[in-house]
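Accompanying notes for the structure given below.
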């Protein structure tokens, strides 16, 4: 499947924190940056996400803001 | 100002494409990954975004999805 | 690629309206409902979207609201 | 009230899973597709959502991505 | 129709800037704050939005971030 | 840091409800309107959010919908 989301960053899962409905999933990029994602527990299970697994952070372009130092 | 958004990725603006209301802004991270953002033209102007400027991509954790290779 | 987005609705593209940066893409589901999506022109091109093509509407669960009749 | 959100899909609530702050609400469309939504518990209570109730899934066009089979 | 979105702010439209696909709509609250929204042109037309019209800004709770002064 | 988000509303935190992963934070504007936000617990802690603290609600323009009375 090919997706319209313009941003696809490959990394490795380094942490999964499970809540009642949602989980927090942390993905580390090769350069060391960490991305924090909130997805449902059902998705965590269906993708088999756990520490060490390769995964992509996927972000729609309209959900990225920009900031600059003042 | 300190923001609740959990994801703040520092990079450099490498492209700005202006539309009628929105612009597409491409930020390159130090590791070479490119992030594409859609923000309003007014924001592009008020932040002074242009090729070569340092900038951050800012993303709320609930707006990041996760994918895995099948 | 397998995605964490919980909502994946298969249909057919029935309209593409191109703007300067974004396009409006309308997907009709088998039951006749129409879904309207705004994605970048670059995505429209890279996915080869045009009238008649099979496509999926993909929606993160946290982006769906619920309403009821009063 | 009339809303700018371009996508309004009528269905029936088939599941509500309550967490500490958010709930997962599943709406089945007449054609059998299921949509999963994450909304706050307060919204679930104020809308009186429960299994069997008619409800709409409401989605802003900029929150729908598109995918195609490869 | 009653909506799950937790945030509904009543005000008056003070500006509409039309693009090719999307429009920028500015709503002024009674306290003088201005809210800027990007919605499709089709929504602007179907809601009859124009300067002076009463309107609500509608925001899902998961789309509001928080910031503090440092 | 200066942010592309077009909407920045100053107010005071009047409630924080903590869940397993996410918290609900309510900010009251000077005019008395209340805004409800869902952010991660980690953000609540790192911003030191608690009842009485001054804070801003931050919203990207593409995440604001518009509604009118019928």
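Order of writing sets the labels: A, B, C, D, E and F. Residues in every chain begin at 1.
Here is the rule we use: a contact is a pair of C-beta atoms (placed from the backbone, for glycine too) under 8 Å apart; a residue touches a chain by one contact, two chains touch by 3 or more.
The model shown is predicted, which means the values in this text are computed figures rather than measured ones.
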item: Copies chain C and chain D touch via same or different residues, half shared test; value: same
item: Distance between chain centroids, defined by C-alpha means - chain A, chain F (Å); value: 23
item: Centre distance in Å when chain B and chain F are each reduced to the mean of their C-alpha atoms; value: 22
item: Averaged-CA centre spacing for the pair chain B and chain A, given as whole angstrom; value: 16
item: Where chain F touches two or more other chains at once, by residue number; value: 1-6, 19-20, 22, 24, 36-40, 42-43, 47, 56, 58, 60-63, 65-69
item: Pairs of chains, among all present, that meet the touch criterion; value: A-B, A-C, A-D, A-F, B-C, B-E, B-F, C-D, C-E, D-E, D-F, E-F
item: For the chain E and chain D complex, residues of the former touching the latter; value: 1-6, 37-40, 42-44, 46-47, 56, 58, 60-62
item: For the chain E and chain C complex, residues of the former touching the latter; value: 1-5, 19-22, 40, 42, 60, 62
item: Residues of chain C defined as touching chain D within the complex; value: 3, 5-9, 24-25, 27, 29-31, 33, 35-39, 43, 47-49, 53-69
item: In the complex, chain F residues that touch chain D; value: 17-20, 22-24, 36, 38, 62-63, 65-70
